[in-house]
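Should a chain be cited, it is by its letter among A, B and C, assigned in written order, with residues numbered from 1 in that chain.
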Amino acid sequence: MRGKFSGFLLVPQIIFIVLYGVFVQYDVQAGPRNASDTTSSEHFDKLYPSKFLFQDVHVMIFIGFGFLMTFLRRYGFGSVGFNFMLAAFVIQWTILIRGCLDLEDIKDGKININLETREITNQPYVSITILISLRFLNADFACGAVLISFGAVLGVLGPIQLIVMAILEVVFYSVNEFVIAHKFQISDIGGSMVIHTFGAYFGLAVSLVHWRPELKDAHPKEESVYHSDLFAMIGTLFLWLYWPSFNGAPAAGTIIGERAVINTLFSLAAAGVSAFAMSSIVDKSGKISMVHVQNATLAGGVAAGAVANLKIGPLGATLLGSSSGILSVLGYAYITPAILQHMNIHDTCGVHNLHGMPGVLSGVAAVIIAKATSPTTYTTLELSAIYPGRVNNLDFQQQANLQLAGLAVTLGISIIGGLLTGLVLKAPFLGSVKHQDLFDDRPYWNSRARNQTIFQ
Amino acid sequence: MRGKFSGFLLVPQIIFIVLYGVFVQYDVQAGPRNASDTTSSEHFDKLYPSKFLFQDVHVMIFIGFGFLMTFLRRYGFGSVGFNFMLAAFVIQWTILIRGCLDLEDIKDGKININLETREITNQPYVSITILISLRFLNADFACGAVLISFGAVLGVLGPIQLIVMAILEVVFYSVNEFVIAHKFQISDIGGSMVIHTFGAYFGLAVSLVHWRPELKDAHPKEESVYHSDLFAMIGTLFLWLYWPSFNGAPAAGTIIGERAVINTLFSLAAAGVSAFAMSSIVDKSGKISMVHVQNATLAGGVAAGAVANLKIGPLGATLLGSSSGILSVLGYAYITPAILQHMNIHDTCGVHNLHGMPGVLSGVAAVIIAKATSPTTYTTLELSAIYPGRVNNLDFQQQANLQLAGLAVTLGISIIGGLLTGLVLKAPFLGSVKHQDLFDDRPYWNSRARNQTIFQ
Amino acid sequence: MRGKFSGFLLVPQIIFIVLYGVFVQYDVQAGPRNASDTTSSEHFDKLYPSKFLFQDVHVMIFIGFGFLMTFLRRYGFGSVGFNFMLAAFVIQWTILIRGCLDLEDIKDGKININLETREITNQPYVSITILISLRFLNADFACGAVLISFGAVLGVLGPIQLIVMAILEVVFYSVNEFVIAHKFQISDIGGSMVIHTFGAYFGLAVSLVHWRPELKDAHPKEESVYHSDLFAMIGTLFLWLYWPSFNGAPAAGTIIGERAVINTLFSLAAAGVSAFAMSSIVDKSGKISMVHVQNATLAGGVAAGAVANLKIGPLGATLLGSSSGILSVLGYAYITPAILQHMNIHDTCGVHNLHGMPGVLSGVAAVIIAKATSPTTYTTLELSAIYPGRVNNLDFQQQANLQLAGLAVTLGISIIGGLLTGLVLKAPFLGSVKHQDLFDDRPYWNSRARNQTIFQ
């Protein structure tokens, strides 16, 4: 894979550098400022909130997703290593692709880079059109989608295939996000549709195309050892701990953001308890499964995503969290095996249970809650951030319809995009994984270990 | 354990959901706000500090405590997994129990939820009565106490017993905190008495009741392997790193909070160096013990807890840190074995050395420092946050008496509560651990590992 | 090593405590404040930014450096443990030494301690003279230098030698930082010269003095196992994730700090992708090396360090990042073996490739960029923070000369200081490591593991 793999990384990297030189510039905030500008010190006070929540999201992408997938005993380097490679790549790629779709920026022919919301001093609530200027946060969100898809095909696709998948998925992801967030103006603060549902069904569609009969039976390397499961818990816990920041980051520093954090905290706690309880129920000897603890406990974060900034109340948040934890365990116990046996879709990490179903659940909850909204639920200021389309038109049935359409569009684009991408990845020069190398990263990795077989 | 374990989780979870629906609501900060409210943008600037220190505390509870206990070679899943389960459970339970004790809230029949101090705009220092409205921070602090007790009986109690212990301990914890913080108005910003002393002696009392003669001799599974000790270091370091946030969080964003952070930083650094030095001294061949590095280095955080916001100076902080590091190592070397042999108390993690003795040391230091306070030491504004009872009555001897009484009450409630709880846990249907399953989590856990014996 | 090792820790610790009592006090910010001081609530808003970036740097020092070095299969305790010990020691020592060099403080005979920049309310940009009052951030930066040097001699020096090395290195480090930052007033926000170049060449000089012929051939214990490489990835990722905070912390909360964060994010992403690509290119079978992924991906943070706050643009940042990633991999593949064979310098962690060469690259880039600066590039306010010497004298050629002189002084002091320190460490009573104990921490560590050979 020597020259080919490097080429698939270096050629895009060179293109990135050239395009960054031509099209990307600092936003005014990070750029020059007149020495007599008396508002500049004022600005500093506004700089922090999203920056700090961004750091938490950053940890989730690289530590969270990376270590969550290290549960496989022979694919630890591949999990945390390819996760790192893909995320570093996707951040740069998304800033370009997503920037091109940003009409406001295209006007002056440049993509503006900042860490912060613009003009936050002028309006206390962050409006959805401003959100997308948080380019690095947005890029990390795109990484989320790609890494979820990676989880579906972990150990089944090779590194060149993964890079090509990432290149294509970011395009589909950005189009979907642009359509449902900007055109439909749906509410999805934590990206349950945009990121989780999209990433899961995209990955499952790729996995369907790359079905191999030998995946039907338990593969001898598709298993964990004691310590690989402990490494995976590092990923689980950092995801669980920082998920409130993930759902709150797009509205950081506002009351809406605070509500998103509170609702997500409740939902995650309830999902955690419920997942432990269900895990024991579905086992015939009543044992708890590490697979469920590592994954289903996190479903509460996904389920809260599309409604975290809404007034669902502590009741709504704990109900949603408990339901998603239970749903996710049932998915691992019954739905994933059924999909494997009857639909020929192999899902290494069970992303359908952690991201797919809870994402759809959250999207459906967002439809119901939009419908139940009354004109007095939110102030105009809040509406401009939550449902910008409703500021001048208080028809909440229409918002519910748009939310449902957004969910349908997401499912459509992700599945079609995944199938097309899967077909592209069949190209023989992209290096498919040999049978004996499934769930084994040693064909791709060197280390200082002289005897590579000492540890599984 | 199939139905029983799940029932002990799900029944409370359903009760939580119902009670959350009836009694819990967003605080005004996270709720509606009039669009014409010109102070709302003002509010945003005040939102961040405790939120971010809360995140650090959150990491300490789930990663810190969870991984610290993974040192046992056969109890890694149990350590990090049950830690996760208990903390997710206790967060929800504490918000209810602690909320019921909050007279201010009972007045309007609701428990108000926020992440922030209330009315911070009106008073630069956070007063103790406001602190308790930081419900999630408070809930994480209760988790701290429960997880310390868990450390005392790690590998000795089964999962159902642990859940029941957590349910009962939160009640005793909340009563004790309410009495000494609200009635006595003692100063204990980092919870050295409220959390650490309480959690340690509660756990030791439970352990005494659950004494078994076979614990007297070294159990073959009560040991570490090389990598389990490295996993434990993840816990140690995140605890050590974020401890300044733990001690400073209740006064985040104020000068008092900053002083708490500075003092804790000094105390931890001094405890770190002293623990390494003492560890080598107590070993006959001069080697350093991982047990001491993992635990005694953290004693500086506990020892600073009750006095971190006081003017103890860099000298006081380093002295306290060094003393606690030395005391803790001596505890591991001499006191824990003596307690085991002569008092029939088994202390798996040595919580007496990390939390118990340093907590008492901190409580005693708080007595001495209160006594030495003069009317000019603090401004009235500071006094209202540190010693609210002294604002209108500058009798610091009385404050010293109250601090001592607070320590005594903590010891009393924790020991009596622990003994009673230990007796309840003897109930046969709570599933005590069989002899051959001590310090072994495999009876409770499944994983994707087909051969569960590959790794210890 | 019983009494000796403890003495080398405890005697300095006692001296620290005494000196802290005499010379160290809280800065006014953390100290008393008049109750009628109406500006105090104003102050609180300014407190957070550097505090939170400081936390990220703190994680990098203890988790980042500590776990990065756990790749050796038999030196995990030594890596993360001695890293912890040295950092706790160096923090206390640096506050004293660096404080003595701070003329402003010497005036009133005290070293003032705070977490924050002083007088930030009066000037929106942080000037370089104010930076040094961030004593804990500064102390963590000194830890960075010492731990880089530790990486060069990992497994080759014993613990007493390491303590003595740290004592001496902090002195040389502080003098160098004082000279180039204060006298020359160079720009080096992320410490590429002050920390990385200094630490690397100091460590290599020590390593040269401690050359042993048996290091020339691959030592049987100088290797990793699968899980030790995964532990190392914890270090890598936390370093990679928080590096933007490292480079931005000295100007936290300002537009300059934001630019430093953005440039570092770009540089790290580009270095990540380039390091993966080059790693495969330099391997004859095209495999990716864990050594490169663990280290060369981080070169982008070092390379951005001296120029992160400058207007290098997204183009400059990605170019610099890519170059450093490529340079670092080439260093591991070709330069480190050559230095080992021909110059008798053993570099266990390859600090020359991660810190040395990228640090020099960054220093050279800073010379070029200073030269290319025009009087209109920055406002006067920005200049006062970036190039304070240029506020009243816009001769940027002179700034370029000073930057070059700063790099030369750093190389000179680090190499000479390292050679002298290396000679001191030859003193026989400092306990050199026996041949059979190279890269093996078991002579220094105990644990609860009864059979120390179970793992490995």
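Here, a residue touches a chain if its C-beta (ideal position, glycine included) is under 8 Å from a C-beta of that chain, and two chains touch if they have at least 3 such contacts.
Listed by chain with UniProt protein names: A, B, C = Ammonium transporter AmtB-like domain-containing protein.
Just so it is clear, the model here is predicted, and its values are computed rather than measured.
Rotation angle relating chain A to chain B: 120°, from a CA superposition, given to the nearest 5. For the pair chain A and chain C, the fraction of shared interface numbers is less than half, so the two copies use mostly different residues to meet. With centres defined as mean CA coordinates, chain C is found 33 Å away from chain A. Shared contact sites, meaning residues of chain A that touch two or more other chains, fall at 45, 48, 52, 227, 234, 456. Listed in rising order, the residues of chain C touching chain A in the complex are 45-46, 48-49, 52, 56, 71, 73, 124, 218, 220, 222-227, 229-230, 233-234, 237-238, 240-242, 245, 253-255, 258-259, 261-262, 265-266, 268-270, 272-274, 276-278, 280-281, 283-291, 293, 297, 311, 313-315, 318-319, 322, 377-382, 456. Chain A contributes residues 1-6, 9-10, 12-13, 16-17, 20-21, 24-26, 29-35, 40-41, 43-45, 47-48, 51-52, 55, 58-59, 62-63, 66-67, 70, 76-77, 80-81, 84-85, 88-89, 91-92, 113-116, 136, 159, 227, 231, 234, 443-450, 452, 454-456 to its touches with chain C in the complex.
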